[in-house]
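Before I ask anything, here is the structure I am working with.
Naming follows writing order (A, B and C), and every chain is counted from residue 1.
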Amino acid sequence: MKFVTSMLTTSVFALSSVAAFAQSDYPTRQIELMVGFSAGGNLDILARQAEPFLEKHMGGADIVVINRPGAGGALMQTQLAGAEPDGYTLGLLSMPGVVTVLFGGDVDYEIDDFEYSGTFTFEPHSIMVGTDTPYETPEDLVAAARENPGTITIGGAGIGSAAHLAVKVLERAADVEFAFIPSPGSAEMQNQVMGGHIEGGVTTISSSYTRHQENQARVIGTLSSERTTVAPEIATFGEAGYEVEWGALRGIAAPKGTPQEVMDKITEAVRLTMEDPEFQEIAAQNNMLLTFMDGAQFEASVRKIHSDLEEIWADEPWIEQ
Amino acid sequence: MIEDLIGAGFALMTWSNVAAMVFGTLIGIVIGALPGLTTTIGLAILIPLSFGLSPLVALGLMAGLYNGSMYGGAIPAILLNIPGTPAAIATTFDGYPMTEQGNAASALRVACFSSAVGGFSSALALLLLAPPLSLVTLAFGPPEYFWIATFGLVSIAVLIGGDPIKGMISALLGLLISSVGMDTVTGRIRFSFGRLELVDGVNIVVVLIGLFALPRVLQMAEDAVTRGVRVSDLKIGRGQSTPFPIAHLIPTWIRSSVIGIMVGILPGAGGNIAAFLSYNEAKRSDRDPESFGKGNPKGVAAAEAGNSSDNAASMIPTLTLGVPGNAIAALIMGGLLVHGLQPGPSLFRDNGEIVYGFVLQMMITSVLLFALGGMIATRIFAQVLRVPQVMLAPMIVALMCLGLYTVNNSQFELFMMIGFGVFGYILMRMQFPLPPLILGVILGGMAEQNLRTALLISRGDWWHLLASPISKTIAGLVVLVLLVPLYRHVRERQSEALKNG
Amino acid sequence: MQRLKNRDVICAAVLVLFSMAAWMQAIALPARASLFPRLEIALLFGLSVVYLVRSLWRAQPVQSAEPFFRNLGRLLVALVLISCYVFIFPRIGFFTATFVFIPVFSFVIGFRDAKTLLLGAVLFTVSAWVVFVVLLGRRLPPEALLSAIFGGGA
């Protein structure tokens, strides 16, 4: 039994290391693109829609999307950090999730464990309020919060989530305090806002905007400086003078030590995918906000958010130890 | 609503969706016909396997399996006096005597028609009641949801099985399983023992397969039945069937459907209880109660219409509130969650086409029984009884693993499933009911989350939990349900005292 | 009768011990995060004690006098085989492992009809492959053994 197992594992290793040294003609075998969330989620949909275009623009490479959900993506990111840096194991990262899970948990990877490649989308978070609340603009909400600190109820996915930290970042930018009401997910938060059980909530613009269009809730602004292409009439908190830039940034990363040559090939494939009119059409159908950043810009953005969060954590750690 | 319904109707008219419903119903009949394989086991195996299919195809398979298995259970019940599923126990009362009198074919046909009628009326109730109810639930805030979750949990723990203590222990174990992982209200990770796999909590599908399917596999291995049923034991009469008494059965069908629908909506009971209640009611109200148990077709009709009309109705609280009323509904809810469909008002709002599609599928698959439950087909289904159980066991294991592994590519979950299987086996042997445990896992998060959100909104004021009239009503119901065992106890004492005195 | 009573006593005692162990785990967490688990564990402890006292007090009415294990030997063999299967198939591929697992399991448990065993294994493996790989395009672990023997392709 033991003999059989060891024999089998050796043969598996032998198989996987064959192509590891041939980089100039990368890729020569199947590339695994890991997604840290279940199939059917936003990130998974993006991966599966981009996959055929990446294959096309990487010279007919064979890419397969694999779901490794767990711990808000941390399970996949830990695996990615420990994977062979040969360009055959890639991950689709979602910021700020990659950074937020590092605080207060048992996660043992660092943002330095990855090489960053191109990004696909940036979708800002937004604040929506119930239709029977008096708030129409970002200024209204901030003024109300200033008058009654810590009483205006704002919902969003659990403590430490992107939505929760969005509220934290806004609180610091506008120097006010809200009462944050954590909920299991965005759908539950939206029900609570629409039912009038809480005053407002935070979620990405594409999901809040649907509620806005159907008059079930009102989106008062996005947490960004520039207006979005899907919802151009929605104001931004940046315009109102509060400096926030908070949203979901999604791009590809590889384990640290992946050769530059390989990284360049991947980034180029992402760039060409983004320019592909067919992909742009699919993205428009799915309300995706395409934003291309190269590896350096992506990494800079990750580092910026990480240092911002470290600052907040040092001031007021949001998870009780 | 109407647009969604029409849209769903068109969406169902694709080949893959039609195939899913036909196929699901066929698998359901086979699973129901095999003694030892029940609706819950079938669903537990199917749900992870259906992952990756489009949601409507997956739900079509589930709807077909649900309706099909309710009829399938009647086949061995009638032919061999062995109920294929617990819900078919009442079918044996009159079904087997009919077979002994040479009326097997007639009994099977009554069973098939009754199942179809019961399933259809139940789906109609789902279609008419669920959408308006889902709009009302928007008024439910955290306190109301807390009480609903508590009510669902308490009633299934107390009312199912004979022993409320074991039921409540079972529910509490489920609650503890649900507390593993990230606590959304504080962001703290609880009871994960340093495993990243547990940070998101225990995967409900792992618990479902482990608890419902694996203990049965272990039992099959223990029993080591190497022979299937011999063909000569199957007494399907040819040509001697008596004229089909449809007109006589209509009142029975109506009565049984109403009973089944009510049982389905209320939490705690399942198809077997619906079948017993409608059988008793049919017997009580008949002009000739003595003929029941001696091969009266009305007995078969009452039992089968009763257990099938529980089906879609049990989805009413599941789809509108996210509170499944019994184990099967809990499994289907697990299936919805796998496909990213969160029950509650948002389900009807955001996924109208899918949810109405599912309602229609419940309706269509029950009608499909007319076509698929015919005499020739039933004779073929009866042949599955010949498969030796020892070969069935490893095949079930392979299907469980195939399904689970393709969902998350996690070997950790496979071992966790074996762990839950052993756990479920022990609980089964100790006669702990398993449905409260599953409900505990599903409703635990809902109860805790809503209790704490309510307290956050009210800033620590516990009276906020009883502020609205809806909260007060449901809280009152919880207290009433908790008093049921006490009431039973007192009544038993009284009747004992009467006997002794 | 006596045996059945003991069984409940053991089960109840295990539950009491389990709730105490769980309590120790829960108090290590911050109070706000462990409020609900503590509530559950306290209730579980209370009910387990009631269960224990009740089973010491009176034997439960015996519904079935069957022994706890119907056949402990076969149960353990089945568990070991299932664990091996779960351990191996992600490494050597689902279809290779399943093709071996089905006949081995049935044979060890006591089904000795070689023809049926082989036929069952072949039919099941092939139909699983057709349904899940060909029709549904499901991705399964690579068949390492097959590709080692036949040189890729599989």
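The rule is simple: contacts are C-beta pairs under 8 Å (C-beta built on N, C-alpha and C of every residue); 3 or more make two chains touch, one makes a residue touch a chain.
It should be emphasised that the depicted structure is a prediction, and the values quoted were computed from it without experimental measurement.
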Counting C-beta pairs in contact, which chain pair has more, A-C or B-C? B-C
Geometric centre: closest chain by C-alpha means: B
Round to the nearest whole Å and give the separation of the Cα centres of chain A and chain C. 37
Geometric centre distance via CA averages, chain C-chain B, whole Å: 22
Where chain B touches two or more other chains simultaneously, the residues are 52, 183, 185-186, 188
For chain A, residue numbers touching 2 or more other chains are 66, 320
Mark out which residues of chain C touch at least two other chains, giving numbers and ranges. 30, 32-33, 139
Please output the residues of chain A touching chain B within their complex, sorted ascending. 38-41, 66-72, 74-75, 78, 104-107, 153, 157-161, 164, 179, 181-185, 187-188, 190-192, 194-195, 197-198, 318-320
Chain C touches which residues of chain A in the complex? 1, 5, 8-9, 11-12, 15, 64, 66, 320-321
Hey, which residues of chain C end up touching chain A in the complex? 30, 32-33, 84, 88, 91-92, 139, 144-145, 147-148
State the interface residues of chain B toward chain C in the complex, per the touch definition above. 49, 52-53, 165-166, 168-169, 172-173, 175-176, 179, 183, 185-186, 188, 190-191, 214, 217-219, 221-224, 226, 388, 390-391, 393-395, 397-399, 401-402, 405-406, 411, 414-415, 418, 422, 429-431, 447-448, 451-452
So, in the complex, the side of chain C touching chain B is made of residues 7-8, 11, 15, 22, 25, 29-30, 32-37, 40-41, 43-44, 47-48, 50-51, 54, 63, 68-71, 74-75, 77-79, 81-83, 85-87, 89-90, 94, 98, 101-102, 105-106, 109-113, 116-117, 120, 124, 128, 132, 136, 138-141
